[in-house]
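Several structures are given next for inspection.
Two complexes come next, and they have one chain in common, subunit A, joined by subunit B in the first and subunit C in the second.
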Partner chain A sequence: MLTDILIQLLSGVSRGMILFVVASGLTLIFGVLRIANFAHGSFYMMAAFTAYAVTTALGGSDLGFVASLVVAPLVVAAFGLVFEFFLLRRIAKREHLYQLIMTFAATLIISDGIKMIWGGAYRSVGYPPMLSGSLDILGRPFPAYYLLVIILGLVIAAGLSWMIERTRFGRTISAAVVDPEMVGALGINVPRLYTLVFGLGAWLAGVGGALAAPIGSVSLGIDNSIIIESFAVVIIGGSGSIPGALAAALIIGIVQSLGIMVAPRLAIAFIFIALCAVLLLRPQGLLGRRV
Partner chain B sequence: MNRFSVSRRGVIAAACSAVLGLSATQAQAEEKPIKIGLTTDLTGIAATYAKAQVDAVQLAIDEINAAGGIKGRKLELLVRDSALKPELGSSLTRDLIVREKVDYLIGPDASSVGVAVTNVAKQYKKVVVMTIPNTPRLVGELFHPYFFTIVPSGTMLARAMAEGIGKDNQKIAFIGGDYEASHQAIKYFGDWLAKVNPNAKIINQQWPKLGEPDFTPYITQLLSAQPDIVFSYLWGADLIAFIKQAKPYGFFEKTKFATLLFLDDLVALGDDMPDGILGQMYAPPFGTKSPKMDAFIKKYQDKYGKYPSDWAVMGYDGMMILAEGIKTAEDWDSDSVSEAILKLKYDGLQGPLTFRDVDHQGDVPSFLGTTGKVEGLPFKGLVNIQRIEAATVMPTPEEILADRNK
Partner chain C sequence: MMAGATGPWRLIATFAGLAVLALLPWVIDESNLFLMVDVLIAVLFAMSYNLVLGQTGLLSFGHAAFFGAGAYTVALLQMHLDLPVPVGMVVAPFVAGLLALVIGFFTVRVSGMYFAMLTLAFSQLVFAIVAGWYSFTGGDNGAPVMPPDFLFNTINFYYLTLAVVTAGIVVIRLIVSSPFGAALAAIRENPQRASFVGLNIRLYQLAAFTVSGALTGLAGALRASFHQMAFPSLLFWPQSAEPVLMTLAGGMHTFFGPAVGAAIFTVLNFFVASYTDYPLFIFGVVVLLLVLFLPEGVLGTILGKHRRGWRRQAATKPPEVVAAAPASSPEPAAGSMQTVQRP
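Our next item is the complex of A and B:
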């Protein structure tokens, strides 16, 4: 029983890690640009399909997997940069509602674009051969690939924290989260900062999509559940906070995994219960700043 | 491009005949096309199935038209996208009938839309042949004389599975998406199990939501119940995610697994499909060895560049049945055509097919087999394939009537 819980816990952590990688991008964009980027789930889906294309082209080898993990996020990041630079920036001065509508339009365009390129059929990306087996944890098998997900998630969390605390770019980001006008007044090129942050956010969604591709199916519609959960992470964790996103994503992953053991039919409700609790008790999020 | 040149040729031909002053009225009256309406879910999770259905119906229509049509009239297909929404299924089908004046209908995709379409067909007295939806409600409370189906019903499939699982499996666990068809399936499965394998028990049930991205918790729950076999009513993207996630847990070594299986799932999973899974299929092309089926597979592949799915087989047969019904009917009206279809002895891709009076259910087979490499297929198929005849699993007319009068 205890080992059951441990395995469940670990799988919850790996699920939470993918969610963290995707949501950290969303929280950065939300914190810095103040845009609720509805297209974030579509970026994730776009990466999953790109990963499918890359791994199929390279015959499902380990190399194919590594290539997909490099190429897919870059493709999505490039798309994000172009999208921000040519479209979002044009309406940056308008009401927020217009930006919402534009990111929503992007979700429709991306999903139709994917349908045009790959058709409506669902696809599957295999695990990389090297990680297709399982590890033995207290006599129970645990998928090796999930462990990689957990490790990569931690590496990305550490990398982002380092970047934000130790680099000039990161400190500018933190400053922009608190007071974008002041950052502009200090002579920093805010529009360029916005474009870069948007690109970074898209890249993170891409890493999440490429990592998730071997675990589930690659199909139209995988953007739906991830975008809802990602927004939940942003709200629970506090907008713009990377440690907050990590904590929130892990809470959601673990609560959902363990929740199914206790009350399976209620499992989908847990995330919203957590959301309501945070909004009632700590509206700025677990690690967010009070505004 | 192609269409443009054809229509231009048509325009020129029309202009010529007008100039030459040919009286074309009589010829035109005879050549008025027979319009077939097809409302199906071209967007959403079942879009692949709908696409194969549309393609196969079009293939059948092209063949009939190439052979001169029916009684001198060509067939014309009108397709609408109901996007998995029953209310859209109703309004689009109604629009096809009222505004486009379609003569006959051929079946939609999702069962929920099927329910909507059959109600409209009943209201306007239009013959409809269903080729994908299979909820037992269609032959039950919703039945009407213009409805026909060539899909093994949910009841037939659940019963076939209950028998196919075998007497040596007594502890059975279930996993299925949390929606109507899945709940029906486990109910009919359980009822039939009590009859054919009374010692067996359903010891554990798991109900993930449709489109669940993470099956790990369900996988560990199923395994810790230590069943002899797991019966799954997952399909499509859900089944693929489940299989891929279950594999590294050694799931398929620890327990037997029996599941509903679509050809699309086999194609998507490719070599990742584990061997030795008990799979239940509707109408796989490789399930029937006959010159007719071989010719169909070739025609379909030549035209669309891929191997036909279950839905393509049923779509093609459905259209051919409708066409033969129209051809052999005394008149064009729905009552005559319905009567004619009921009398048909159709020789289809999967062999002979007839409809019975009580519910207009075609006596179609379903298939059980274990997954493995099949000669000549680029993906895994079923080996030791067993054809389950309708007669062994179809509800009796008494059962149908009792159910309808409930």
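Our next item is the complex of A and C:
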């Protein structure tokens, strides 16, 4: 029983790591541009399909997996940069409602766009050959791929923290999260910052999508659950906070994995209990700043 | 707001529109009348929604929960308690309103984009429960609704819908022109100032959210009765986007804008879905073009031009402007105001 819980805990952590990678992009976009990017789930889905295409083109080899992990996020990042530069930026001066609606329009277009290219059928991407085995944890098998996900998630968390703490770009981001107007007044090119942050956010959604592709099925509609969970992460963790996103994503991943053991169908309800508790006690999120 | 130069004309136009709608079953055939029922239901949905967005300035992305709650109230009351459909329709707004009260209790604590994300998250929770609870709701299979014999007739259902929707719109109109409505507009325009003059902002927002949710539930009840089925997809988040898009397409700063948007979208949806395999793509492009080129919506743009023209004429006669200004000031004038959405 205890080992069951441990295994569930570990798979919850790996699940939470993918959620973290995706939601960290969402929280950066939300923190800096102040837009709830509905298209974020679509970016994730787009990356999963691109990863599928790249992996299949290279015959499901290890090289194919590595290539998909590099190519898919870049494709999505490029899409995000173009989308921000040519569309969102055009209406940057208007109420944020319009930008939100524009990202929603993007979800519709991307969804049918993927259907046009790949059709509506379910696809699956296997684990890469070198990680297809499983580890032995107290006598129970644990997929080696999940371990890779956990490690990569930690690497990305560390990389983002380093970037935000140590680089000029990162310092500008955290300044913009607190006070975008002041950042503009200090002579920073705010529109360019917005485009770059949006591109970075899309890239992170892409990494999440490419990482998730071998785990679940790659199909239309996988954008729906990830976007809701990512919003929950942003609210629980606090807008623009990377450590907050990591904590919230791990909580959600673990709560869901353990919840599946208790009440499979209502596992999602556990997220909302956490969400309500946070809202009542700390409306600004676990690690967010009071706005 | 009924006063002022546009008062009598507005009234005449409203009654003329109502007369045309009442005569419609003699003019168009049954399949078009079927579409008209869907249009009217969408009109009530969108106009109830705009009580929250246009009037109060809250961007809700979770109204599907209330639409679905209304639909499932009718279905489940019949399924489990054997209560007839009309009873369900009466109960539906109360159930939906109660749900809105609970969700609103948590969500009005935050504003702007947070509010949008939270309402979305809560409606997804309701969706997950309804879709997952097979023994109670029928899960993915939906819950059937058996309307009484007289409602099987499309013409009868059309008149029922027309009556209910008209009543709903009258209620919305009364709310908008009441002191309560004025308070909501004040909160939308400047929440800080509204709180300084002593308005309990959260309480007002919660009240508006609850009423809007209740009326949305009424629309959902009509929908389930008409299509003889309540589906989980009525609660799914793209359904929440529908009233937002309709309101935007018609013009959220005008009273009948959401109705115009609802008609456009429902009819467009009907034709797009029957002529292409990629309806979402077409919709996405339409929405994109609307946001880029017609931000005030169709009716907002038409009325906006009209009003500007009227103002320019009025400006040549200064005394009239002074006299007209106080009378027309509570009216949400298109183009002249901004909804506060920033967190």
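By definition in this document, the second predicted complex is superposed on the first by the 289 of 291 C-alpha atoms of A that agree within 3 Å, B and C clash if a C-alpha of one lies under 4 Å from a C-alpha of the other, contacts with A are read in each partner's own complex, and residues count from 1 in each chain.
Here, a contact is a pair of C-beta atoms (placed from the backbone, for glycine too) under 8 Å apart; a residue touches a chain by one contact, two chains touch by 3 or more.
Fair warning: this is a prediction, and the values are worked out from it, not measured in the lab.
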- After lining up the shared chain so the two structures overlap, which partner does A:L275 touch, if you call subunit B first and subunit C second: first, second, both or neither? second
- Message: Quick one: is A:L196 in contact with subunit B, with subunit C, with both, or with neither? Answer first, second, both or neither.
- Response: neither
- Task: Classify the contacts of A:M102 with the two partner chains as first (subunit B alone), second (subunit C alone), both, or neither.
- Result: second
- Task: Considering only touches as defined above, state whether A:N224 meets subunit B (first), subunit C (second), both or neither.
- Result: both
- Name the contact category of A:A175: first (subunit B only), second (subunit C only), both, or neither. neither
- Task: Please indicate which partner A:Q8 is in contact with in the superposed arrangement: first for subunit B, second for subunit C, both, or neither.
- Result: first
- Which subunit A residues are contacted by subunit C in one complex and by subunit B in the other? 224, 265, 268
- Query: Can you list the subunit B residues touching subunit A in their complex?
  - Reply: 42-45, 47-48, 51, 178, 206-207, 209, 211, 213-214, 216-218, 220-221, 224, 236-238, 240-241, 244-245, 247-250, 264, 267-272
- Message: Quick check: in the complex, which residue numbers of subunit C touch subunit A?
- Response: 59, 106, 109-110, 112-114, 116-118, 120-122, 124-125, 128-129, 132-133, 236-237, 241, 244-245, 248, 277-281, 283-285, 287-288, 291-292, 295, 338-339, 341-343
- subunit A residues touching subunit B in their complex are 4, 7-8, 11-12, 15, 60, 119-124, 126-127, 132-134, 141-146, 212, 214-217, 219-222, 224-226, 256-258, 260-261, 264-265, 267-268
- Query: In the complex formed with subunit C, which residues of subunit A make contact?
  - Reply: 30, 34-36, 87, 90-91, 94-98, 100-102, 104-109, 111-113, 115-116, 224, 228, 231-232, 234-235, 239, 265-266, 268-269, 272, 275-276, 279-280, 283, 291
